[in-house]
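Structures are listed in the sections that come next.
The two complexes that follow have subunit A in common; it is paired with subunit B in the first and with subunit C in the second.
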Partner chain A sequence: MSNFAQEFVDAGWEQKCSQPLRKDDQMNKKSIGKLFGYFQSAEGSAYIFLLPSIILLLMFNIIPLLMAFGLSFFDVPMTLDSAKFIGIENFRDAFSDSRFINSLKVTAIFTAIEVPVQVFGAMIVAAFIAKNDLKNKFFRAIYFLPVICSATAIGIMWKMILHSNVGFFTYALSTMGLGRINFFNDVHLTIFTVAFISIWRSFGISAIIYVTAIQNVNSSLYEAAKMDGAGSLMQFLNVTVPSIRPTFWFILMTRFAGSLQIFDIVFMTTNGGPNYTTESTVTYVYSRAFSSGSQMGYASTLSVILFVVIMIVTVIMNKRMNAEE
Partner chain B sequence: MKRRLVSVLLAATMTVVSLAGCGSTSAAKVEGASGTSVAAEENAEKAAGGPVTIKFWNGFTGSDGDELVELVDKFNSENKDGITVEMDISASLDEQLASAFAAGDGPDLVLFSSASRFTYGDYLQDISDIFDKTSLDKGDFIEAYTDYCSEGDSLYLVPMEIVGFYLYWNKDLFKDAGLDPEKGPESWDEYVEYAKKITNAEKNIYGSGLCYGYNYQMSHIVQRFGDLAVTKDNDGKWKANFDGNTGYAKFLDTYKSLVDSGDNPLTDDTDSMMTAGQLGMTVNGPWLTSGMETAGINYGITTIPYGDAGKMTSAEVIGMAVTTFASEEEKNACYKFIEWWNSKDANGDCPSEKWSLDFGYPTYLKSVLESDAYKANEKVMSMTNTDTSLRADFIVDSAFPGIGKIINDVIPKMTQPVLFDGKNADETLSECQKLADDIVGEYNE
Partner chain C sequence: MIRSKSIKKTILGIPVFIVLTILALMVIVPLLWLILSAFKNEKEILSYPPTFIPKGLTLTNFAATAKRIKIITYIKNSVIYAGVTTFLAVIVNSMAGYAYARKKFKGKGAFFLITLATMMVPFQVIMVPLFLVVYKLGMYNNYLGLIIPRIAVAGSIFMMRAAFANLPVELEDAARIDGLSEFGIFWRIMLPQVKSSVICLTILSINGSWNDLLWPMIVASDTHMRTLANGLALFVGQNSIQYGASFAGALISLLPMLVLYILGQKYFVEGMASSGLKS
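This part shows the complex of A and B:
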């Protein structure tokens, strides 16, 4: 124990008691001192530094997650003031709920549109802007700009631009003879519109991560490829792509999980319409919990199902990534 | 060593601070430094006629919120009872209330839709004695609106704002179509006829602005055609009225034919078009007026035309409720604030009247309805149904707790399959009946 700790413990003890020390008190004093000493050691102090993060993680992630699992077996209103245990009834209801099944389908379609564009499109764009010159820095800033904008602002902006009658872009297309395209009110088209807005919003972050990965590729590999007669395309396919595979998997996994949880852009632009063709699972969960249902138990059940789907997909991808490594 | 110790202490402080932020207010109130209860001291102070602070939560985040802040400040500075109203305006009031109530905390006074009493009923106090404890006269309140806020003899909210939907028309487009610009349609047949005259495809102008994406707009119109979607049957049980409702079927056919003929755009946003001068008529709430005025649209307002369901008005009542978290003293302070809101001061100014005139919300007080200032306000008078005996239920019987589910889950299932899937009205209404029966069944158990 350090001198400071010893003095601290001694001083406290002297203040509290002028009586001779009993045996168990002496034991307590020793163990407190030992604990104090441990938290000053290199190993012990690490736990103190980790404690704020652990507490926050517990409060905002682990406990709510466990609570959601628990709530999924109850019939609970929004205020959580009464709970009736109903077993797996919520799960049974979920799988016979046509709106929930539809929302899973919509989410799957959305993911199928968004993920390839994010993963492969961002990689290609990153290859063009990887070199550190002024022009590329400018483009990186442009691509990254939407990432720092709020989903609300983005939703309102695109709703105005693509409005079927008063939208600037729609008007521009109509002057080119393409007619007035109803971007937000066509059951076959609107899901693509929402996916486009979502991609536009988060494309920059994927591209910037790829740029960082590409910049870290050993330049001697490119020189060797050049000496073997490889052009830019072959260098990209045979040097860049294999070298950034861990980044590729990271983006694939995070974009997959992100797409399966799409909410804000849908909520701001279509709110699930027209005719539920853009109602994602999280949008539906929100509507059950807050908009009309006040069914916190049922909403938790739907969230748990989505959680399991995301977990399965992520575990499979993670295994694949580890196998490759 | 010293540096490490300082770092460890800092980390520990951060942890303590992060935990302290999560402590509930009630916990903080429990024990004072001397070991006596601070809450008890506060109550003793209040009982002795000392200052009282009431927490007042609402979701008025727009320009109405700015005016509410001004009025609350006025009350705080003028009242002689030592009452301070601490207001918290939140864009996500429902989420905030749900979290607070679940944590055993909450405001003393809350301003929300009368339909919220079905969600938060366990947390609201019966305030029917407000008419005994204050100078407010129950007879001055229009009964149709106080009915909204009551269950049996118990009153849970005092009306503060009446939100109705109205028919707006563009006077310039009326003139261009050869219609009388000073008179809106008085029936739905006239509405369709006017829409056809106004539509000008070349100029991208539509006569009608019905919008499938506005569930509230749809609900207000639908009930004009086929009356309430949920009522009580002779056995006192709730019943849904979709299947075989010829009024609803007529509405769906009318809407579909307006879209098919190109007189109504297929869009989920008609507000932008109305403010851009591209719509002849639409139905919306009073908030549309500010957008129209900013855009310089020459417009008229009137009540929504009656349909086959006969004369009615339909409105959502926003009211002030006292929660179970308010002590007796705080409840009395809330009463004082509500009394002040609905009374005239020495200069003849009434906050409730000012609110109606500034934002165009029809009044719920008969005395305001009779005031010269109110009668002189053309805009608000055009939204006011002066027949105070008309029923005001909105889409369902005002006592039906499942109103939110009918509006958000059934109404879109009624309009959108007809517009997008080409389903016929009768088939769609049969499916809606099944959906509504499930909802109604929950409340009949």
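This part shows the complex of A and C:
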């Protein structure tokens, strides 16, 4: 057998017969191997490492964003069976939709209440709890507690504590002679109630970020200020505040964007009521898209408008921040 | 001089301490009240004047919760959602962070820009088309739709990138000389070096998906697919609400996160402070 094979090879048969095929095969193998090898190399493997995240981000972030812009020109029902191009009609509707205009107003009020408290209140509190002693660590641990809690639990909790009849806090206030305040059903008051709960929930994050920033301020700056006879207040104003400017801007921008997207707490406590006085833009988008009528195109239009508002605010703040530095 | 200064400091310190204590009480008292109320019977919850300390402890609320909603199913779904999302998120986001931190390759800038751009896009803005994508892919009302869109997160990628960027290059070179594959270098040498960031990411991801309300509401509305957060929210949204049962449910949703917080407070704080913040 082996003899025969040897003869076969000697005669050059094998080579002659299979040359074209083999060459092709070899080339294929070589290029596939090369490609395979490349993706195993230090450089090429980067693409393999990135592949899952890029695919996921494209499919579930970038494409939906582009779709949001696209859909805003269509009339699309929930089943998606049909999509009718209607141009800018959705946008025209949006700006004459009093419920949408109202939702923008409500969102602006939320933002106006929440952002200053988060940006300045948290900064002041952070300044008092920045030193690493046991008492401050304890306060920090407590203040951060609401951050880890679900909006669902927080909503259930506050709804009952501020309940108009049997609420614990309502009762405490009434014993002080303030009467029974209707925290969740008052067209003037309820928006403050919801804003309070929203601040209660995320105050801890802002405070902790400020604490980290304050701890990183160069201590020699304080020493120098002390030498100049600066008291605690002057040290705070002249050393701490200028040193943590980047953090200040970071919190301002993220809180602004966050407040403009308020949803969870509204949904859990008032769901927009009473009489739409707490219906934020996202709450309205949600109800338009997923509960009544399912107008996906129109809901996308509203999202796009909100996105543009968020972008404009962010860009303006970014410019301000860069101009300052 | 020194004495007068320290006296001044104490005098100033007292009102500050009082304010800080009041703020702490504003956090603690409501949470404590919720925990205690979960053990009060319905009659006591609705009594006037309201009580803070329960007159008698009862577990009927928990039984009521189990009777009114499929709480076991909701817990199971929450565990699957948080567990699988976190597991995959740690792998996918670490891999991407590793590539951005340690590798030079063509198109890095473009990939980086795509990743960065997604950070600017609020979830609330893309939720409607995202729902349509998931719906069209046949992933509506199942675990795939719940989990897959939530795996890749730009913030987590940048957090891991920062962690990997600090490692010495010799580590990598030594492993390469030892003949480890590129994935082996990542998985067996580099990833264990950034353990604390991995723990941060794990804790934040578990917390985020356990508490997530909006996405499960959009994509997992079937009773058998609801997570604890949205199942409970929809239960509370009904008109004929049972307070005791909803308190018990709220406590069940809080407890695992409280335990996680007690075990890993350091990581919570570090992670939130470094990776920026959510909502």
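The rule is short, and it goes like this: the second predicted complex is superposed on the first by the 275 of 325 C-alpha atoms of A that agree within 3 Å, B and C clash if a C-alpha of one lies under 4 Å from a C-alpha of the other, contacts with A are read in each partner's own complex, and residues count from 1 in each chain.
Basically, contacts are C-beta pairs under 8 Å (C-beta built on N, C-alpha and C of every residue); 3 or more make two chains touch, one makes a residue touch a chain.
Remember, it's a predicted structure, so these values are computed and weren't measured experimentally.
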| item | value |
| --- | --- |
| Clash or fit (per the criteria above) of subunit B with subunit C on subunit A | clash |
| Which superposed partner A:316 touches (first subunit B, second subunit C, both, neither) | neither |
| Partner chain in contact with A:77 - subunit B first, subunit C second, else both or neither | first |
| Greater residue coverage of subunit A in the superposed arrangement, subunit B or subunit C | C |
| Touched partner set for A:290, first subunit B, second subunit C, both or neither | both |
| Touched partner set for A:164, first subunit B, second subunit C, both or neither | first |
| First, second, both or neither for A:88, with subunit B first and subunit C second | neither |
| First, second, both or neither for A:112, with subunit B first and subunit C second | neither |
| Contacts of A:101 with subunit B and subunit C, given as first, second, both or neither | neither |
| Touching partner for A:184 - first (subunit B), second (subunit C), both, neither | first |
| Partner chain(s) touched by A:270 [first = subunit B, second = subunit C, both, neither] | first |
| Region of subunit B that runs into subunit C when the structures are aligned on their shared chain, from 44-52, 98-106 or 170-178 | 98-106 |
| Subunit B/subunit C common contact set on subunit A | 40, 45, 48-49, 52, 56, 59, 80, 159-160, 165-166, 271, 290 |
| Subunit C contact footprint on subunit A (complex, rising order) | 40-50, 52-54, 56-65, 67-68, 71, 76, 80, 125, 128-129, 139-153, 155-161, 165-168, 171, 200, 202, 205, 208-209, 212, 232, 250, 254, 257-258, 261, 263-264, 267-268, 271, 282, 285-286, 289-290, 296, 299-300, 303-304, 306-307, 310-311, 314 |
| Subunit A partner contacts - residues on subunit C that touch it in the complex | 9, 12, 16, 20, 23-24, 26-28, 30-31, 33-34, 37, 45-50, 52, 92-93, 95-96, 98-100, 103-105, 108, 111, 114-115, 117-118, 120-133, 135-136, 148-149, 151-152, 154, 157, 176, 181-183, 186, 207, 210-211, 213-214, 217-218, 228-230, 232-233, 236-237, 243, 246-247, 249-251, 253-254, 257-258, 260-261, 265, 268-269, 272-273, 276-277, 279 |
| Subunit A-facing residues of subunit B, complex | 1-2, 4-5, 7-8, 11-12, 14-15, 18-19, 22, 94-95, 97-98, 101-102, 119-120, 122-123, 204, 206, 212-213, 265-269, 272-273, 276, 278, 404-405, 407-409, 412, 416-417, 419-421 |
| Subunit A residues within the subunit B interface of the complex | 2, 4, 39-40, 45, 48-49, 51-52, 55-56, 59, 77-81, 159-160, 163-166, 180, 182, 184-185, 187, 270-271, 273-276, 287, 290-294 |
